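Okay, so chain A shows up in both of these, paired with chain B first and chain C after.
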Partner chain A sequence: MIRPLSISALRSALLGTCLLLAANVFARGTGDLGIVIERADGSVQVVETSTNSSLGRIEGLGDLSHASAVYSRDEQFAYIFGRDGGLTKIDIIDKKIVKRIMQSGNSIGGAISQDGRLVAVSNYKPGGVKIFDADTLELVANIPATYGDQGLQSKVIGLVDAPGQKFVFSLWDAGEIWVADMTDVNKPVITKFKDIGKNPYDALITPDGRYYIAGLFGEDGMVLLDLWNLDAGTRRILDGYGKGEKKLPVYKMPHLEGWAIAGNFAFVPAVGHHEVLVINTLDWSEAGRIKVHGQPVFVMARPDGRNIWVNFAVPNNDTLQVIDTQSLKIIKTLTPGKGVLHMEFEPRGGQVWASIRDEDRIAVFDTETLQQLVTFDAKKPSGIFFTSRAHRIGL
Partner chain B sequence: MIRPLSISALRSALLGTCLLLAANVFARGTGDLGIVIERADGSVQVVETSTNSSLGRIEGLGDLSHASAVYSRDEQFAYIFGRDGGLTKIDIIDKKIVKRIMQSGNSIGGAISQDGRLVAVSNYKPGGVKIFDADTLELVANIPATYGDQGLQSKVIGLVDAPGQKFVFSLWDAGEIWVADMTDVNKPVITKFKDIGKNPYDALITPDGRYYIAGLFGEDGMVLLDLWNLDAGTRRILDGYGKGEKKLPVYKMPHLEGWAIAGNFAFVPAVGHHEVLVINTLDWSEAGRIKVHGQPVFVMARPDGRNIWVNFAVPNNDTLQVIDTQSLKIIKTLTPGKGVLHMEFEPRGGQVWASIRDEDRIAVFDTETLQQLVTFDAKKPSGIFFTSRAHRIGL
Partner chain C sequence: MKKMLYIASLLGAGLMTSLHAVAGVDAARQNELLYFIKHDCGSCHGMTLKGGLGPALLPETLAAKPRDYLVNTILLGRENTAMPPWNTMLSRDDAEWITEQLQDGKVMETELVLNKKSQDLSGTGK
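And then the complex of A and B:
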């Protein structure tokens, strides 16, 4: 009678462990998860926003300065684009690297297709876009950014996804915008827009995926492409974008992907100036300028569009400012600490996370009271990316 | 020597089973999941959109005619609002009922708070809103819709969530709109707007959570409340909303929550008429009318706003029409089958699911080619709800 009992006890114990394991590790929704890029250590911290805690760390991702991420459509996987040309697929449930490849010598960001099947990376060296199977990370298409008569290859920037299995990107050296339709992965259809302006340095796409806008480093303006009307070609807008009484040194190029659209207004960092530009999206004209604490880097809208949060380049990168989009006034100046690099809003906007690199921590704020709710450790945190991005166009 | 080995073998077998269970059942993202309401059987089918398949069924949910659902912020749980007053919390990972309560005699929909902590239900009988702890389903606040001098209670309709932990709803009998601020769950702050018009029958909130618009059954127009400027009170709009050369019988009240906002235009079902109204959201005036196949029920925008999909009341409920939002022309008429009750777009818009009740099936369409991709069985399917709703305001 003893043996069966002990086996039964063992079975119970093992099943208990099994259920416990399942409950703690696996049986969990992924809608409230996120990752924080820890640039110095080449690691990623997995976090959750329901109780604002850390769930673990994934290491060995290489050079993560300026790294960004996209999510698989089921939110189990994130694809991390490293500056060193590394593309790493991580499993945020099991907290491990699934696959890691060095896909180029130097890269600057990526995107995931509308259907979630394709991951695209934009490269500086060699210049072009490589497109991988999201499941296996096998190369499915290589689009070298060849331009001119000598077979030169341009650096590629401002890569975004667009509806209809498209990727849109800009060629820094060539001054071109390309739209790649990947409906048939074996036959990418590339539409090229040439002579769009000098040195596009970054770009954004509106939340509905219709307008692609690139900033021009070599000229005083921007360029807009209406993806619903490609035949109309590109159009210059905001010729006063970088204008001012005197030129200021640019401490950090602003990130265009952080541009905020709220109602009919877009809020954008003025290059080099201590200003946020307000743009009327009905005709893409300048609608005003808001004086701010420093040179803006990210200008981000709370998901309901009622407030805009702004961080700044050195020497003002210890500060965050909050702008009311009705009055266009600054309603709060926060100084969370040195090196505020990035912000990420909860998808419904109740809280916002900020990475404070030089203090090795993340701070979470209530977006109504504008009070800090909690702070926790992270190793030189930079980008913060929540899984809700999986369901957004252009993110 | 035999006993230790057999225990070891048992341990291996159990661990193997454990890992297999974990791998098959638990280790999965929830971003591509959804549920289909099976109204006749009181069951819910759990589906996934990555390969378009069914993952199982949860039964015992009571009367699910006219049922709707919201999701927990982590996407593990759905809250199903039944017509019979039942509120059921289901676990879509483990595919089981977590808790089920009968919270009233007759209810008409619900909402989940911005922070995901509170689930609200609007009731006909007794008229009012009950608010429950999303975790335990314990009642945390009861807001009877009392109006007038005799202590009458109104039926409540058009309940939505809004930023800042608010719920907004309308009182059918009283002709009032109430805004409940639940920041302190122990002290709900209710702001009441009286004399808003006769018999509000349904309402919507814009995707940014700013404008709440109720349709009036007893009058020829609608009423708008700007939640950013409550002091301004309500405002009548679209006085020609139900107008026409002759009154037509209304076979099914259109659902306002299905209204489509695309760019600066809203597309809404014209009550009783074979038309979709186009509204300019800059001044809330009528901007046009599009003739369609029948009385529209749901008028829904593809997530990028480029197309509008419309289904119809009997006797035209075998049809779907697709409208181009630039030309305002119908670009396709589909006849998937009798009883097309509801549509749900993938969050990035590549595919759309439609429930075809009388044929006991779901059909999935490519939104570019407008071709049916796949169909599978469901028992008298009605509402379809994908987990990406967890991250949207007002859904």
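And then the complex of A and C:
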């Protein structure tokens, strides 16, 4: 039934429109927006996922190889962490750089605090974590990753935010995990876990923010830290998962991301074995191994947990595989093009975007039919980050 | 038009070969290797080769090292580090050419020259 609009409803609708227009001619929500890193050109493309289009480009962000991003909680600003140590705050509505600083010589990733007021960056050189005011990008804390008796500084990887205004990160050279409590920004409280294992290469935090899991490059195994029970210390899981098998060369370091959790299973890349490892999250025991096409790089669960999408290191980086989480079998092998670097699911999982670096394009797939829906140009695209990350712990 | 492109590509190959005549690594392969250095070596050593998880690959860090040592590191990897053996993807000639480019700091420069040539070429092709 269609009802005629009452005069008062019409009036308030008109008034609302006028107010919107007065505030910002181009006012629009940001919940369906995202950015695509264009690694070689130092630019970022702003995209939207409702009709799958590009809204424009922001340039001048420096060396964006291996760049990543986090969002402000209002989803208007993104913080881009560049390889060259650049930290850039961009406005994705006005499509402009708000502020850009060079905070180190060489950095790897970042995180935003629970309250949205702090942005942390993990650095290779000088090794450590720097924490900035999210509003002004002024330095509020510097945590050098100093270890051992010689005063050495470790490269820092696997930096995530955790509940209670914490940041958690791992020290590649030192084999340590540190928890920084930033409740009082003037007095960060650091809890260190030493001798966790050799060369942690990346880490994830479970979507509930409770478990921090670091993958080891120097040993077959992972390290679990229960953030609810820090006194219990770290615990080795999947210990010696590749024992007795010849280790294959790793042509690109795998990544761990918090959303590779589906139901009671966590899915993680094996290192040096062409396998995806399945962990039972109830007791953290190994629940299976799935043979895949190459060295997995990203192992990502569709938001509903039904499928897992996997991409691979060179020379197998033209392929994507889709795993069914009920049967633990590969249900589809796609070859979208050379240089598939990253994937990002829409928040409700209907579509997944993949960056195809060597072909200078983005491909969007329907996650039910597994068919490519659309493809569009991007210059050497790498990371894809949708604004829904603003409201996810650890992303 | 097809003919034009064909001539242009012949011209291009001629120009590039005359730029860097290295045994076993032709101009097309050089282009592939440059891309490889930037994006695949670059995933650990940084796209601008200033280092990342792996050390910087700039002339100041590499020039003093014996060429064979570097060639072998590329082909066979380095034990107990994250450097894998690349001999499944690269020939010895490839590795020697890459080493030469890195030690002499020619990667960025060579890329510029190749880019410029291909741009000039697109001009002549029209």
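Note that the second predicted complex is superposed on the first by the 364 of 395 C-alpha atoms of A that agree within 3 Å, B and C clash if a C-alpha of one lies under 4 Å from a C-alpha of the other, contacts with A are read in each partner's own complex, and residues count from 1 in each chain.
FYI, a contact is a pair of C-beta atoms (placed from the backbone, for glycine too) under 8 Å apart; a residue touches a chain by one contact, two chains touch by 3 or more.
All figures in this text were calculated on a predicted structure; none of them were measured in a lab.
S.K.: First (chain B), second (chain C), both or neither: which does A:Thr319 touch?
M.R.: A:Thr319 sits against neither chain B nor chain C.
S.K.: Quick one: is A:Ser104 in contact with chain B, with chain C, with both, or with neither? Answer first, second, both or neither.
M.R.: A:Ser104 contacts neither chain B nor chain C.
S.K.: Determine, under the contact definition given at the top, whether A:Gln153 touches first (chain B), second (chain C), both, or neither.
M.R.: Neither partner.
S.K.: Touch check for A:Ser43: first (chain B), second (chain C), both, or neither?
M.R.: In the superposition, A:Ser43 contacts neither chain B nor chain C.
S.K.: For A:Arg392, using the defined touch cut-off, is the partner it touches chain B, chain C, both, or neither? Pick first, second, both or neither.
M.R.: A:Arg392 contacts chain B only, not chain C.
S.K.: With both complexes superposed on chain A, which partner does A:Asp63 reach: first (chain B), second (chain C), both or neither?
M.R.: After superposing on A, A:Asp63 lies in contact with chain C but is clear of chain B.
S.K.: Counting touched residues of chain A, say whether chain B or chain C comes out ahead.
M.R.: Comparing touch counts on chain A for chain B and chain C gives B.
S.K.: For A:Gly305, decide between first (touching chain B), second (touching chain C), both and neither.
M.R.: Touch partner of A:Gly305: chain B, not chain C.
S.K.: Does chain B (first) or chain C (second) touch A:Thr234, or do both, or does neither?
M.R.: Neither partner.
S.K.: Quick check: in the complex, which residue numbers of chain C touch chain A?
M.R.: Touch list, chain C to chain A: 35, 38-40, 42-44, 46-48, 50-53, 77, 80, 82, 84-86, 88-89.
S.K.: Considering only the defined contacts, which chain B positions touch chain A in the complex?
M.R.: Its residues touching chain A are 3, 6-7, 10-11, 14-15, 17-18, 21-22, 25-33, 48-50, 71-77, 93-94, 114-116, 163-165, 183, 208-210, 228, 262-264, 282, 303-306, 326, 347-350, 368, 387-388, 390-393.
S.K.: Looking at the complex, which residues from chain A come into contact with chain C?
M.R.: 39-40, 63, 65-66, 83-84, 105-106, 108, 124-125, 155, 157, 172, 199, 201, 217-218, 249-253, 314-315, 339, 357-358, 380
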